[in-house]
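The letters A, B, C and D name the chains in turn, as written, and every chain counts its residues from 1.
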Amino acid sequence: MNHYFEFFSQALEIIVALVAAPLLTGWVNQCRAWLQNKSAPSMLQPHRMLHKLFHKEVVMAEHASSLFRMEPYIIFGCMILACGIIPTLSTRLPLSPAADAIALVGLFALGRVFLALAAMDIGTAFGSMGSRREMFIGFLAEPALLMVLFSASLITNSTSLTNIADNLTHRPLAIYPSLAFAGIAFTMVLLAENARVPVDNPATHLELTMIHEALLLEHSGRYLALMEWAASLKLFAYLCIGFAIFSPWGIAEAGHPLALILSIPVLAVKLAVGGAMLAAIETASAKLRIFRVPEFLSMAFLMAVLGMLVHFLLGA
Amino acid sequence: MANLILIDYILIAIAGWIAIGVFGLVKIRQTDFVAQVIFPLGGVLGIFLGTLGLIGVFAPVQTELLPLGLPGLPFHVRLDTLSSYFLFVLGIVSTGVSFFSAGYFNKEEDTPAGLICLEYHLCLACMAMLLIADDAYVFMMAWELMSLTATFLVIANHRDAEVRYAGFLYFLIAHVGALALVLCFGILGANTGDYTFAGIRLQQLNMFWASIVFFLSLIGFGAKAGILPLHIWLPEAHPAAPSPISALMSAFVLKTGIYGILRMTFDLLHTQDWKWGGITLALGLATALFGVVLSTVQTDMKRLLAYSSIENIGLILAGIGLTILFSSYGMAGLAALSLTAALFHVASHAAFKSLLFLGTGSVLHSTGERNLGRLGGLMRFMPWTAWPALVGALAAGGLPPFGGFVSEWLLLQSFLFTPGLPNSFLNMLIPIVTAVIVLVGALAAYVMVKFFGIIFLGQPRERKLNEAHDAGIWERMGFSWLVVACICFGLLPVHMARMLDRVTHLLVGDGIGAAVTAGGWLLLVPDTSGRASYMPVVFVMVLLACCVLAYVIVHRVYHGRSRRSGPWACGFPFWTARMQDTAEGFGQPIRHVFGMFFRMTRKLPSEFDKKPYYEIKVEDPFWSLLYRPIAATAGFVSSVAGLLQHGRIAVYLLYSFLTLMFLLLVINQ
Amino acid sequence: MDHLLLLVLVTPLLGSITLVLLGHREAAPEINVGFSLVTFIASVLLAVEVIAQGPALFIGQYFFADSLNVFIAALTAFVGMTTSLFSRPYMRIERDNGRMTGRRMRLYHSMYQLFLFTMLLALLSNNIGIMWVAMESATLTVLLLVSIYRTAASVEAAWKYFILSGVGIALALLGTILLYLAAARHFGIAGDALLWTNLQAAKAYLEPATTSLAFVFLLVGYGTKMGLVPMHSWLPDAHAEGPTPISAVLSGLLLNVALYAVLRFKGLADGALQNGLPGKMLIGFGLVSVLVAAFSLSRQKDVKRMFSYSSIEHVGLMAFTFGVGGPIATYAGLLHMTVHSLVKSAIFFSVGHACQKAGTQIIADIRGLAHVSPTVGCGMMLGSLAILGLPPFGVFSSEFLILTTAVRELPWAAPLLILALGVAFATIFSRVQSMVFGDTTAKPLAHSPALLPLFIHLGLALLLGLYIPPYMHAWYVQAAHIITG
Amino acid sequence: MTGIPSQILNLLAALLLLLTFAMLGQRRILSLINLFMLHGIVVVASALLIGYETSNHHLYFSAGLTLAVKVMLIPWILHKLVFRLKVKREVETLINVSVTMLIGIVLVIVAFNIALPVAALSSSVASGTLGIALACVLLSFMMILVRSNAIPQVIGYLTMENGLFFAATAATDGMPLLVELGVALAVIGGTLVVGLFMFQIREHFDDLDIHNLETRKED
């Protein structure tokens, strides 16, 4: 019985993620619009866009190889799996032993690599430039993320995300300086990885400045839809990682149905807050030159490492 | 043939390789025969040996005496789990490479195929012999012969002076290392005068001599493995050699160095000092970081892979260093974990790196180009090469679900355990170290995207690439063998871990086998505490399921229509393949960040140039830091020595006269 | 057994006389080979006898043979025989090239036999005075052989050789006299104070001060012939300017015989002094020679010069080893002596033909032997690899023993040896590689090159590397025992 | 033996040393040869004396041999060579004479010091002369060293032989006869061979100046 319930909660998580991710993107855009005194599009805008894109037919470059055709599905799959691994609603997940934090980061890396390869596949100047920049940001952001996860896993003495969440929930409420550092680092990484403002501008149309968009230049129709969806899933996943580490409360454990039902609104609230904060940061900051990005990210990296060091120094 | 034990069969396999080689020499002119018949035979023997190794891991230790060698010191051979494991890896690699070679050596090199065949199989035989050697003499003999044969394989295309130089460099460094090893065995045998490993194990050295032995062996084996700063030959030799040879060297010849370090540190010297561990760890990390950073800026595909091999060796060495640390503090369990990681990486690196080098081989054969700046878009012309290369690249990038990721995962796990160390100073360092490891992993992915993307994706940068023909049947067999290996290492780490358990029990007296067995065949866990776990099979299944479902649903709910048209040229009026990002371009951000790692010479076009021309050369800093000064010193000394030969009889007589006087004074004292 | 020894000694003497009397016949080279062959067979039989029945005196007390000198004698006769085989086509080609005339061929062949005679005499004589005489006459024959091309360079080389080793040999005579003096006190004034056998028996009674003085003179004297630095200056010139067969026998034989003499005297001096000073002297000379030779290698442009320096290096290595002493080291030294003379002469065989093909001795102008004649090229490559101490050749095993013993006995010296070996390796391998590989300018030869001796030598070196037959092993052990006393 | 004979012997030894010095300083080749002849005579005389005193008669023989070879045959050959090869009569030394002399003195002192312990326990009648013999050897070594012409070098070499012979007789009352014979033969053979060899040098270089023989060297 308990078993089935776990599978159910797993499925639920994934479905919630699929639905909520575009909403989250919409919500963030809304907040940004409000903060910039613009009239905001509806929260459902991303859903509508996806729907429209799926209807459109795909236009591909002549010499796009089969790799290009697979890539959207692979990336989409990666993101779904990621959302399945991260404890968003429950910490009793059949998938959680399948992949721990390191595997999660590996999963993101896999997605990124395919993204970059697909962009190079066409062989346009901007595609390859974009993939280069994407990998460039990735190789700085990835370690930082892993470091953040490590400093958490050093406290909880485990690398499995569910254990981390569990453990942190059940600890007496204490202040972890290491986690403070980690928090800052994580925020910076999140901005970088999700092509947010200080690093990249999701709304830009100037090829020279784009990173993530440059990778999507050749995608259209369902491919573009899948990529957009995957992007929003990624944002969702990152926020959920943040919640799992920094505010794990309210995630259902012990496979209690009621708790599971209850965890959905909690998640909604967290997402709302998180999205709003994200929007605030984005509006507050200006985009960096591409060569300032390494400094930004190495700062994040440094923060994360400091977090671990602090953990060793203070034992907390 | 009554009661042959396992080791006899291994000896038979070795003899078989030698025989095959000689047979090739006999048929020296019949290139086709040699390629299509003899090389595959060697491959079959490879399978045989690999199987024997696999059995040997689970078999008890076996020893044998051969009636060869010095009168006091006949050949001792011994098969224990460590050697069996390496034999297993050797079997896997050699099989793939042999099958590939069957297709590769079809056309004449400067050296006749028969001779290459001889050298190749001798090299294999020597490596196998090396692994089962059980006294210093046979060990050194196999070691030197391996370097020798490898050198001749490297200079197979000896009409090219650069190739000869590369071979010379390789051989020189290998030989200097070998001399260091002779010294080190000399010290080991000094007390007892007994140079069998059995005798060496028995004797106790004091810490001072033990340290000297350890560091000498680090030099000796490091020269072979390509540890900083002795890596200098690697990026020269790999591009020079025919691709199957580079594959073999990078996949296994380097690993013999690792084998030596393990054998020396954990078997022959059974005491370790934590300082060794620290230094080894630091060396390993430096090597790894240096290797990966330099590989990002290479423009020659094989050079790039060579540097990436340096990186992987560095990772393995870091694992070994951690093992030494742990075992010096008596934490057998953790030592076993990190050692497992290192050994696992030995296998997975062997698989994917040989795969990648073979890939470059096919590319080289069909395009004649090594320079990334002149390649591109080959995915469409040679899919049979591209897809295996993709697998290799993903594995090399340390991405799940392939083998590279598993070893990295294990390594990181063992690092996360280090807070247990009683030495707080080391504990402080661990975060940094972990960070470096992770950084290296991420950069490796960067390198592999560059490698695969520039060679196989995008537009052909040269017209001739449009005539590129795909790999032949033998090449495909080689590829598929190694692809299967990569995937198996990635998906069945549990079985590997059980195997390695035996090895780690031999070396550090503990293993993660128990924990793994407890978890069942799906679940890979570093220890019994249940703090972390990884199920590659499930992982892959779910991932595939998601992809397939997405595909099916999208096509069911909506439609599968698509049409082709020209790519969007970003508003340019025209658009050529030269506009794609070049290898240099891909390296540019890294050059920007890690500028201090290399010597750059840049030629920027000025606005008055008729033909604007941009060039950037990146040189390995160790040339100017270390090797040129050494060469200069040697030259100076020899010029001083040359002054002795002055040409004048009077001066010569004066020498004898003074010598006489000197000796007379000596005896008068 | 006397007749055997007489056969060994008389055959070459007879040979030289016949070859002089016959004048230059077309068949002279074959006759030369014939005599050398007989000498070789006789020496082998003698060796077998001696090994079977232990050391013995011959013809009264004038000659004696124990496993040490009979072994070296056999080696000498063997190398002499193979070299005569090699010189058969080689000298013919030289004559076709116009570098040799009939009269010179006559001189060459007779002197060749005479040289062999002096070598064997020096080895088998029981009287250190007679040994000195033999060495002196060896000097004279070599003088004639080296200068046989009558070119300015060869004359110069020969003259230097004569002056240097003449002076050296004179010093050796003084040493001999002093040794006689030292012994005379024990034996009284009688001829038998010059006999090895007596000296060996009475070495404990030799007068120390005089003996040490004598040993110094003998070491400097015979050391000059050995080519120990700094008395080595004649050696590269003589090797480079003489005909290649002579270079082969100089490296393969003369050095051994001189070394043999030094070893004998070292044994006596050790017995008399009991302070290990002779050993230390040998170690010093050895190390200096090894280092200087190794670093001089890289400046050589002439291939024969280069390999002559490598001979100096190896002689130094042997001197070092024997200086270290002890059964294992001495064993290793003897083994090294054997394989070195085999391999080095093999190298000179291949080098000789290579130079004839390329028409020059300048390394830079010899290219791509692997293409024009794979056998010679491969022989040269294998030979150099062997001399560089790579397995599976015998030099590897001896150097393995030498180095490990060095580490045990004198840890401070081992790194120096390693350094020298590394430098030598770098130089020789790079040079040889560039000669054997690459594109070629060489031309085919008139007479088919003599490959048999080349590959016999390499084969033997290979055998000694992989497997030392028990018979030889016993032989070495006895010889080592004689040296260490 | 004491008294007169040993005094005579010492006198001869001193004479020998003097002659060697004279040769060291002598520039003119012909007179060098003559001095060499005298040198030989002194050696012979000493040999005879010792042979007479210690009454071992093979010394007479070897003395005779030396007389024949070193006093008559070889000087004759050398004379012939000088005339046949038209060697220029004056040969400069590499170091000027006075310096050579000074070094010579030093060598003599060294030689005496070395010989002292040996001589002390030599049973021979003339042990004191061993030092002088040694000095002769070293001086003639020196002579070969500083001469820049082939013939003086050979003469120096032969002088060395004389010194050795003197040493043998003085210190050990002569080597066994057989050895003496062998040595003498070797010396004759050597001189002949070198004599012939001179002609070859002459073929290639216009004179016997050994500066011509300094081309083979490391460059």
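By definition in this document, contacts are C-beta pairs under 8 Å (C-beta built on N, C-alpha and C of every residue); 3 or more make two chains touch, one makes a residue touch a chain.
Everything numeric in this text was worked out from a predicted model, so none of it was measured.
Taking the definition of touch as given, a chain qualifies here only if it contacts subunit A and subunit B alike; none does. Closest to the protein's overall CA centre, chain by chain, comes B.
Each chain gets a centre from the mean of its Cα atoms; the one farthest from the centre of subunit C is A. The largest tally of C-beta contacts between two chains is found for A-B. Distance from the subunit B centre to the subunit C centre is 44 Å, each centre being the mean of its Cα atoms. Averaged Cα coordinates give subunit A a centre that lies 102 Å from the centre of subunit D. The geometric centre of subunit B is 70 Å away from that of subunit D, both derived from CA atoms. Averaged C-alpha coordinates put the centre of subunit C at 31 Å from the centre of subunit D. Annotation for subunit B: residues 642, 644-646, 649, 653, 664 touch two or more other chains. Under the contact definition stated at the top, the residues of subunit D that touch 2 or more other chains are 114, 141, 144, 153, 210, 213-216, 218. In subunit A, there is no position where the chain touches two or more neighbouring chains simultaneously.
Of all possible chain pairs, the ones that touch are A-B, B-C, B-D, C-D. Residue ranges on subunit A touching subunit B, taken from their complex, read 54-55, 57-65, 67, 70, 73-74, 76-78, 80-81, 84, 95, 97-100, 102-103, 106-107, 109-110, 112-113, 116-117, 120-126, 128-129, 131-133, 135-136, 138-140, 142-143, 146-147, 150, 153-154, 157-160, 163, 207, 217-218, 221-222, 226, 291, 294, 301, 304-305, 308-309, 312. Per the touch definition, subunit B reaches subunit C in the complex via residues 67-71, 136-137, 140-141, 144-145, 148, 155, 158-159, 161, 164, 167-168, 171-172, 175-176, 179-180, 182-183, 185-187, 189-190, 193, 195, 634-635, 637-642, 644-646, 649, 652-653, 655-656, 658-660, 663-664, 666-667.
Contact residues of subunit C toward subunit B in the complex are 159-160, 163-164, 167-168, 171, 212-213, 216-217, 219-220, 224, 229-231, 233-234, 236, 277, 281, 292, 295-299, 328, 370, 385, 390-392, 396-397, 400-401, 403-408, 411, 414-415, 418, 421-423, 425-426, 429-430, 433-434, 437-439, 466-468, 470, 473. Put simply, subunit D touches subunit C in their complex at residues 56, 114, 117-118, 121-124, 134, 137, 141, 144, 150, 153, 157, 160-161, 164, 167-168, 171-173, 175-179, 182-183, 185-186, 189-190, 193-194, 197, 200-201, 203-205, 210, 212-216, 218. For subunit B in complex with subunit D, the residues that touch the partner chain are 642-650, 653-654, 657, 661, 664, 668.
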